[in-house]
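By written order: A, B, C, D, E and F. Residues from 1 in each chain.
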Amino acid sequence: MKVLFYIVFSVVAIFCGTDAFAAELLSAGDTAWVMVSTALVLLMLPGLALFYAGMVRSKNVLSTVMMSFMAMGVIAIEWVVLGYSGAFGGMGGPLFGGFDQLMLSGIGPASLSGTIPTYSFVAFQGMFAIITPALISGAVVERMKFGVYTLFILLWSIIVYNPVAHWVWGEGGWLLEHGALDFAGGTVIHISSGASALAVIWVLGKRRGFLKEAFVPHSLPMTLTGAGLLWFGWFGFNAGSALAANGTAAMALLSTNTASAAGLLGWLIAEKIKFGKPSALGAASGCVAGLVAITPGAGFVTPAWAIPVGFVGGVICFYAVCMKTRLGYDDALDVIGIHGVGGFWGAIITGVVATVGTGSLMTGDTRQFVVQIVGAVAVAVYAFIVTYVICRILDAVFGLRVSSADELNGLDHSEHGEGAYNI
Amino acid sequence: MKKIEAIIKPFRLDEVLEALKAVGVTGMTVTEVKGFGRQKGRKELYRGAEHEVEFVPKTMIALVVSDELLDQSVDAIVEAARTGKIGDGKIFVSEIGEAIRVRTGERGKSVL
Amino acid sequence: MKVLFYIVFSVVAIFCGTDAFAAELLSAGDTAWVMVSTALVLLMLPGLALFYAGMVRSKNVLSTVMMSFMAMGVIAIEWVVLGYSGAFGGMGGPLFGGFDQLMLSGIGPASLSGTIPTYSFVAFQGMFAIITPALISGAVVERMKFGVYTLFILLWSIIVYNPVAHWVWGEGGWLLEHGALDFAGGTVIHISSGASALAVIWVLGKRRGFLKEAFVPHSLPMTLTGAGLLWFGWFGFNAGSALAANGTAAMALLSTNTASAAGLLGWLIAEKIKFGKPSALGAASGCVAGLVAITPGAGFVTPAWAIPVGFVGGVICFYAVCMKTRLGYDDALDVIGIHGVGGFWGAIITGVVATVGTGSLMTGDTRQFVVQIVGAVAVAVYAFIVTYVICRILDAVFGLRVSSADELNGLDHSEHGEGAYNI
Amino acid sequence: MKVLFYIVFSVVAIFCGTDAFAAELLSAGDTAWVMVSTALVLLMLPGLALFYAGMVRSKNVLSTVMMSFMAMGVIAIEWVVLGYSGAFGGMGGPLFGGFDQLMLSGIGPASLSGTIPTYSFVAFQGMFAIITPALISGAVVERMKFGVYTLFILLWSIIVYNPVAHWVWGEGGWLLEHGALDFAGGTVIHISSGASALAVIWVLGKRRGFLKEAFVPHSLPMTLTGAGLLWFGWFGFNAGSALAANGTAAMALLSTNTASAAGLLGWLIAEKIKFGKPSALGAASGCVAGLVAITPGAGFVTPAWAIPVGFVGGVICFYAVCMKTRLGYDDALDVIGIHGVGGFWGAIITGVVATVGTGSLMTGDTRQFVVQIVGAVAVAVYAFIVTYVICRILDAVFGLRVSSADELNGLDHSEHGEGAYNI
Amino acid sequence: MKKIEAIIKPFRLDEVLEALKAVGVTGMTVTEVKGFGRQKGRKELYRGAEHEVEFVPKTMIALVVSDELLDQSVDAIVEAARTGKIGDGKIFVSEIGEAIRVRTGERGKSVL
Amino acid sequence: MKKIEAIIKPFRLDEVLEALKAVGVTGMTVTEVKGFGRQKGRKELYRGAEHEVEFVPKTMIALVVSDELLDQSVDAIVEAARTGKIGDGKIFVSEIGEAIRVRTGERGKSVL
């Protein structure tokens, strides 16, 4: 929170032209940390690409990777052109940012946000904008047209992501005003992508052969490599969200690592109980589930409390994923089960066990707990509805799905004219 | 000349190779294949689901031998490949009409 | 050394409640660097997983990866619960830490260790605790039960790692008191894991077919990718051990890089002489050997001296590995030959060529040289004996090895119910 | 520029023995950032190895990887022994550095360059020296002898790289004196490697079957993984070149990310127009093209202007690569088309749109524009000629190419005695 | 005994397996192959160039059946593998002289 | 109808394909295999040890041709695959009883 006031404050300072004053606040250490964190979050994109691509069949590997890469391509530009302004610009309305910082106008190397250059803040936040639609892609792989996907993530970023980011993190955003805690994007990123994933597959439909054939991951080492990069990058994601190299960042880092380990254990134990064996894919999934769970509370929850947050996150996500086959919706790579469900768990448990720099149920702050639930539900509902409408329109105009023949032969060839391996 | 095609458990390949060498076989060709048979595939875990893999990894050895060497070769394979468990595999024998060595163009038994 | 006094000092300061004073010392730059270094060391875990997994047969890929991932899962929790306290807590006894900081009690975001938040120090040190047992796994792959392995590393961390870390780095630790130099863990990490690897395989026995069949690496590109990540992460490992972003860190970084390159060259030249060709696996192995060799001396040895340290390290480790087949012990992925032997070489040569901020043979300080040897031998002996006892007990109670059939079919299926590739 | 004056200044300061003064200038934040950047650039080596190795046939995977690893091995040592002195040592002559800092003599942990330890500056610059010859390797893979390649890159570094680095970045370097802008090495690294690649393949000749067979990439996921690591590492490459964690670095980071995304889009759109489909290899290539394009201007060009810089870079490089088959030269992995052409585009466009801390055509500074062209051409010509001579001599003495049989069977076996995969 | 070798489109394997099981086949061996035929390969993109891949991925099923089961098996494959498009594949039938089960050493039809 | 199985060096595949096309062959099936024969495997390095790889990568081409085309096809392969060095490979010819096209169900020579 404090962090956000700093930002607000210094943004104001800049607009008042008090550059000299601003300059006094630059911390090279904080800047170094946020730049590193930016790079770490960027690495999560190839990490996610590998994590996802390992799980698809070998005819859809490149098309899966390309969904993450395309998010880097399109949203990185959108963010500079209008996204940053849409989320963090403007005069502080509750719902949207503004149009005053299109093309980052008014920002220069000397502009500061808190103790770091505004450019750093823009870049760091941009990475979150990039990764969120890429997360959704896990639900739609193996059947969605690449061109339409590209258009989809562009629209989604503008209409869903930017406003939601403004609600939670932007000056005057209504959830921020109500004090909703979302340290590193549990609500903005995980709940929004999970809810949107549900909306997209609702329109998109199941893969051919879903529940009839087994869709076996083509390369689990690839998925595990991706999981390793995600774990690594998540340190930037969570601890970077302190926007400074200080004790809060250090705690966020340690809590993140602890929760990730606990999520891994939780998933494996649940799996061992249910199926008799702990699987490698379970380890990868569990560590991501733990990371999702701790994301909203990383800077508010002590490392010791991060253990149950992550562990239960791992267990809950495991059972959520198990339910997929029973409910019969084809969330190909379990975006809903992990990011949606894990995001909800994280948002709510933060309202229970957060003790550092904030209140929660544990300190008797019921209001905070309720705010957490309101924030999670509001974002989920908004993201679901708007995404559903976007997809219906895109489906009517272009069609979301590749042809049945293309789906059989694989999207690598139909969408990209390539095959992944020639060994 | 006879062609022997033996489908065996992959980890017996080295033993079979040694056994065949011992009876005087000097050439063979090996392919990685997937087998379906009495031996059931394994259960595999996949994110909250368990599914049966119908095929089992197998190794196929193809060798063309002179009629005289046929029986010894088959016996050698049977002995070296056997573990006694279901899935040890099958051997099929068929007739080969002609054999040609690419390098020299020569034909017949001397090619083997 | 100086670094350690700072820590000790500030830990004392914190316990005396002089928070205000402590706060004055926080350096955002140092904190940024240590947090980054923590992330870098974490990345060595997936790096190690790939490095190892590329060398095993394709039926044991996931089980090999899982041994590293499980170290992340189990030890990350153990460290927060009791490991940190066992290594760095207590009142300064020579052999163990204490129980006063279980669950990191008494530590908060404002606590400092030197110029960085204590949480940062905890996280950084935790990564070393995680990676050490994962290193051992290289010796036991392709035949050890996963469940028993998990139990083993937990016990090993508590009974071997935590005390040894205390001896060398903890306040009052007896080797620290004697002035043993171990900048980044040559003794604590490499010698201890190498000696322990020998003890485990003593009990565990050889893989079926050892020395009869060739165990060909299933994917050398995977191993080389892992080596690349290890090289990268080792900058955090070594230069991060300065616990500050200063000239010592910079020298450690440059000496590390130089020694790694020299190790690569040393190994390749030895290989070229012995077999006529320099191999890619040799390059990967040599760079790791160089990194191991420079680990204890990174902050004490100049970049120019790092060349012979790394080069000879590469050569020695190559010959050590060659001896494996002659001696007939099945150290599957050469933990002893590289970490054990390389760790010894590093510890001792540090006592010869260290000149920065310390004495050594070169400056006429024979005592330092002797201390180095004493430290290395003491840790090796302790680690070997205790590990041997742990393994004997575990073997008697649970059995360390999978069944012969499972070994033939591969541990990926027997232990995890999965296959690595379906291409 | 300012950065360079700082360096010069503080180097002078050190030589005058004003250590106390120098010590006042150390910034832990800047040091942390430059050390991280160093690590990031190091990671580009395995990144490049994967990027390249994925594109070759499976019989040449290891030999391709080894060319990058060998650059780490050989040049890291060369840099400490004489490279740094050759590029940055001496009394400020216009053409070469000097021999006064061989083996980094005179430098210690307390030496500063600007606000960072000189060791940090040495390490950071060393990474650039390492990666540049590795870039060239992309042109010669699948047919060049490994031993001769090793000798080649050593000679090339000494005779081509070190002087060129001195011209552009070294105290008194003639291009620096003329004010040529090269923030992170567009000229020093990309143009020099591109022009040299042309010279090498001129002597080396085409691969057997070139233009007759299709040389299909053996693993595009490997190439995409490499591209991801390159993108990540390039943040260190470009933003680290600010040599401080400040607003310039932050802008460089954001401009770099934006240009990379724009390059990806540019290439994919051009490809879509020409062939009807956007390919995954196109995405990887385009992002690298965008990164090359922004390299010289990263610290001088705003994020908004980085969009056209990267986008046009992507388009131009695509067409340059298309021309290869028409012109019939076998630049195996398109070093000329991407680094050469992209480097030229970047150097020149920087003279057009640079506005931050410098002039350009846009601000009416025609002189700057001309200087950019002069610098680019001078480096290209020098690199081409000297490389050509080196290669002719090496070819006469040792022969550059493996035998035809070895080429058919693959260099992994002939040069390294290994096969990449045994799955 | 007859050997049936069917080269089919990979994504029909599951259907063919089911169809063969239905007519009573209890064993078969499957290999990943590349086919050249009337069905043209695809154009692939490769960095500023487009090239034709001459081979198409195919799956080969080999099964040895008793003479009685031959016709039903062939029909089952034809029906299950057919998509009606070029490239559906071919079936070749040849004679097998002998079959041996490795596990037991038994010979003849009972082995299948 | 005859089945030709040719085991050749992998890098000759393109030449063999062209040669077969030239004599009028319109279909074939290719498998990656490992060969054991007179050509010795290579020594491979592995961390301080050297071991011999017994198998050499080979490519197997299977094509069914009408009896008339048999000789020309075999000659075409021999010529295109030959490098003159040990390991050029072997060609085996056997009898095919029946051929069926999956797409149409037609049988006999016209299928090829």
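Here, contacts are C-beta pairs under 8 Å (C-beta built on N, C-alpha and C of every residue); 3 or more make two chains touch, one makes a residue touch a chain.
All of these numbers come straight from a predicted model, not from anything done at the bench.
J.: Report which of B-C and C-D is connected by more C-beta pairs in contact.
T.: When the contacts at B-C and C-D are counted, C-D has more.
J.: Name the pair in D-E, C-F or B-C that forms the same interface as A-E; by residue number, over half of the contact pairs must coincide.
T.: B-C
J.: What whole-Å value do you get for the distance between subunit E and subunit F if each is reduced to the mean of its CA atoms?
T.: 18
J.: So the centre of each chain is just the mean of its C-alpha atoms; given that, what is the distance between subunit D and subunit F in Å?
T.: Result: the chain centres lie 45 Å from each other.
J.: Go ahead and note the Å separation of the Cα centroids belonging to subunit A and subunit B.
T.: Their C-alpha centroids are separated by 51 Å.
J.: I need the residues of subunit A touching at least two other chains; which ones are they?
T.: Answer for subunit A, listing residues that touch two or more other chains: 27-30, 32-33, 36, 216-217, 225, 245, 275, 277, 279, 281, 416-419, 421.
J.: Considering subunit E alone, which of its residues make contact with at least two other chains?
T.: As it turns out, subunit E has residues touching two or more other chains at 31, 44-46, 50, 53, 94-95.
J.: Let me make sure I understand the interfaces: which chain pairs count as touching?
T.: A-B, A-C, A-D, A-E, B-C, B-E, B-F, C-D, C-F, D-E, D-F, E-F
J.: For a test of understanding, state which residues of subunit E touch subunit F in their complex under the given definition.
T.: My answer: residues 2, 6-8, 31-38, 54-55, 58, 60, 74, 77-78, 81-95.
J.: For the complex, which residues does subunit C have touching subunit D?
T.: 27-30, 32-33, 36, 40, 57-58, 115, 216-221, 224-225, 227-229, 231-232, 235-236, 239, 244-251, 253-254, 257-258, 260-262, 264-265, 268, 275-281, 283-284, 286-287, 302-304, 306-307, 356-357, 421
J.: Please give the residue numbers of subunit E that touch subunit B in the complex, ascending.
T.: 1, 3, 17, 26-31, 64, 94-103, 105, 111
J.: State the interface residues of subunit D toward subunit C in the complex, per the touch definition above.
T.: The contact residues of subunit D facing subunit C are 26-33, 35-36, 38-39, 42-43, 45-47, 49-50, 53, 61-63, 65-66, 69-70, 72-77, 80-81, 103-105, 108-111, 116-120, 122-123, 126, 146, 219, 222, 225, 245, 412, 415-423.
J.: Which of the residues in subunit C end up touching subunit F in this complex?
T.: Those residues of subunit C that touch subunit F are 214-217, 271, 275, 277, 279, 281-282, 285, 318-319, 321-325, 334, 337.
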